[in-house]
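Shared between the two complexes below is subunit A, which has subunit B as its partner in the first and subunit C in the second.
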Partner chain A sequence: MAELIEGVNPTRMELLKLKERVKLARKGHKLLKEKRDALVMELFDVIEEARGIRGNVERLLREAFEHLIIAESVMGVLTTQEAAMSVEESVGVDFANKNIMGVLVPLIEAQREKKTVIERGYELRETSAKLDEATDKFEDSIEPILKLAEIETSVKLLAEEIEKTKRRVNALEYIVIPRLENTTKYIEMRLDEMERENFFRLKRIKSILAAREVTEAPA
Partner chain B sequence: MRTPFEDIESKLLAKQIQALNKHLPRERKTLAELLKEEKPSIVCRDGSTHRFIKEELRKLSSLLPTYCHNKLRLPIYIELGPTEFGTGIARIRGEEECKLVNKILGVKPNGDKVFIYRPDIRKLRKELPTTTQYVFTLLT
Partner chain C sequence: MSAKVAVIGDQDTIVGFRLAGIKETYEVGSAEEAAKNLKSLFQRKDINIIVITERIAEQLRKMIDDFEAKKEEVVPIIVEIPDKKGPMRREVTPLQKLVKRAIGIEIILGERGREE
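Coming up: the complex of A and B.
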């Protein structure tokens, strides 16, 4: 059961103030509930988008590493490393943000064009075709990896925000509003009680005065 | 006549709504302006930057005739808040905005505003994830 607000004076002024606060808290609660529902909706959409992407990335990387292992066994580890060192960095990544209800969600875009075997930069005479295949596979997996990073970060950030909003909604629903309502009820009861006491006091005074009049009246 | 309590209440509520809407842009840009930008973005009230996806802007430009590109201000606001009909109802205002919603969802506008429900909100957000934004307000 919700408690009362401590140190509150049972006056009509205080009662009016509290009634306004209850109204305000209810409006705030409704707005926050809307935000929570919208955030949950966004989270479900992102999760739906994420379904399958992780599996796809894992499959692409597994294939790429299989080709790399074969290339290493054909060319030797040192030659493969040498070829890898001679490749220029080819992926430009554009990081930006999109704002979903105050949550800054990353927006990652890869800026690259697929390179031909000659453009990659390693010596073709010293390398195996398996290395080209491995490179192809690794290049293909870049975009899904970036998408996965974007989605998984979004899920994490949205979930955190939902938790925060949920806590606020629950605090209003189960603590603040019931406490305000209980205090309002308490003041109303106290005011009613005071009114009854006053009424009874007046009645009592009246009866005392009436009795005095009877005794003091000349016979 | 308004009582002093009502004034305080409206001030507090305004403050709360402001805090809920800190993700809104300081100034909206038209579709035509954004199409010209290399990295189309706007600055939000909390100081952060919100980037639009170019592909999405191109999609919007294909849905609307060219003379509307200078009138459509982005992001489109999806206004959420408690209404007399309950919760989960959103309002979208503006002539061009209504035309767009009509084209995407097939919902007929009522003058320069349109009311949509949760499944439609979801569909709209899926279609336009960066060019729409939620606004929290009292829809009265």
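Coming up: the complex of A and C.
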């Protein structure tokens, strides 16, 4: 598990540097943990918003298809398709970005002129009123669909960011910090050992010198 | 900048969205056809949202996942919608899987009061 950093010299300089790094790693770990928690909170907010939107889209589309199928059976499939072909393009989207804790999520805005039945472009004399209703429903469903796109993308981006942050937090917590701490400990012990060795060496020399003085003095 | 919405789906879906005023529609009959259309849509810079029916998306799941993993920008966004046969019942949606992996709990998007 927690090993040492290879190739460190057990010196006081090195020890000071390592202590700085431990401090930095701890700070980074704390910050990342806070970021992760904040992101999770944001994700819950977005999910709360998303709840119901999918259901809403499903409901709107179900109604729209019901009307469309009736229109097709009244007017015939070909006439319906013909009518559909003659509708002018009127849907566009505007993109903006929102920044959630450094994650850029899209804000999608539908650009759509609300058209009256006459402005739609298909021949009213040849089409059934059911077609108008179907068109209404499909028009109404576009905005929720775009909203769905926005929300699902936000959830996706946030979830990915959370995963990334989580991995970093864990890497710091379980690998980087223990490794740094172990290395500091190793250096500290090594320095202590060297000090003891030195101390012993001095004592030894002192006693040798003392012994020599005793033997040399009478002479 | 205003961008466009494209739709890939079966005949009725196409008719419906054409009526609503979307011109970039691609009617597809088979998975290969859908894959071909989707691929060409990925290249287009003016299309920012691709609406695709769930049934077709399910057949192209691998391709969509690959694309989502590779794309660098946020767009184009792929939205899956139910077709005329109604929403598909799936055990877990791809989104749920992602959320579960990120925060470790399962959340059901959609219906109220069913989350765990």
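As a convention for this text, the second predicted complex is superposed on the first by the 212 of 219 C-alpha atoms of A that agree within 3 Å, B and C clash if a C-alpha of one lies under 4 Å from a C-alpha of the other, contacts with A are read in each partner's own complex, and residues count from 1 in each chain.
Here is the rule we use: a contact is a pair of C-beta atoms (placed from the backbone, for glycine too) under 8 Å apart; a residue touches a chain by one contact, two chains touch by 3 or more.
Note that this is a predicted model, so its numbers are computed, not measured.
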Overlay on subunit A: subunit C relative to subunit B, clash or fit: fit
Touched partner set for A:104, first subunit B, second subunit C, both or neither: both
Subunit B versus subunit C, judged by how many residues of subunit A each one touches: C
Contacts of A:42 with subunit B and subunit C, given as first, second, both or neither: first
Which of subunit B and subunit C A:139 touches, first, second, both or neither: second
Partner chain(s) touched by A:186 [first = subunit B, second = subunit C, both, neither]: neither
Nearest Cα pair across subunit B and subunit C, whole Å: 10
Residues of subunit A contacting subunit B in one complex and subunit C in the other: 94, 104
Sites on subunit A touched by subunit C in the complex: 40, 43, 47, 50-52, 54-55, 57-58, 61-62, 64-65, 68-69, 72, 80-81, 83-85, 87-95, 104-106, 108, 111-112, 115, 120, 131, 134-135, 138-139, 141-142, 145-146, 148-150, 152-153, 155-160, 162-163, 166
Sites on subunit C touched by subunit A in the complex: 1-5, 11-12, 14-23, 48-49, 51, 68, 74-75, 77, 79, 81-84, 86-87, 95, 98-99, 101-103, 107, 109-112
Subunit B-facing residues of subunit A, complex: 16-17, 20-21, 23-24, 27-28, 30-35, 37-38, 41-42, 45, 94, 96-104, 107
Subunit B to subunit A touching residues, read off their complex: 3, 5-6, 8-9, 12-13, 16-17, 20, 22-23, 39, 41, 44, 46, 48-51, 53, 80-82, 87-88, 118, 121-122, 125-126, 129-130, 133-134, 136, 138
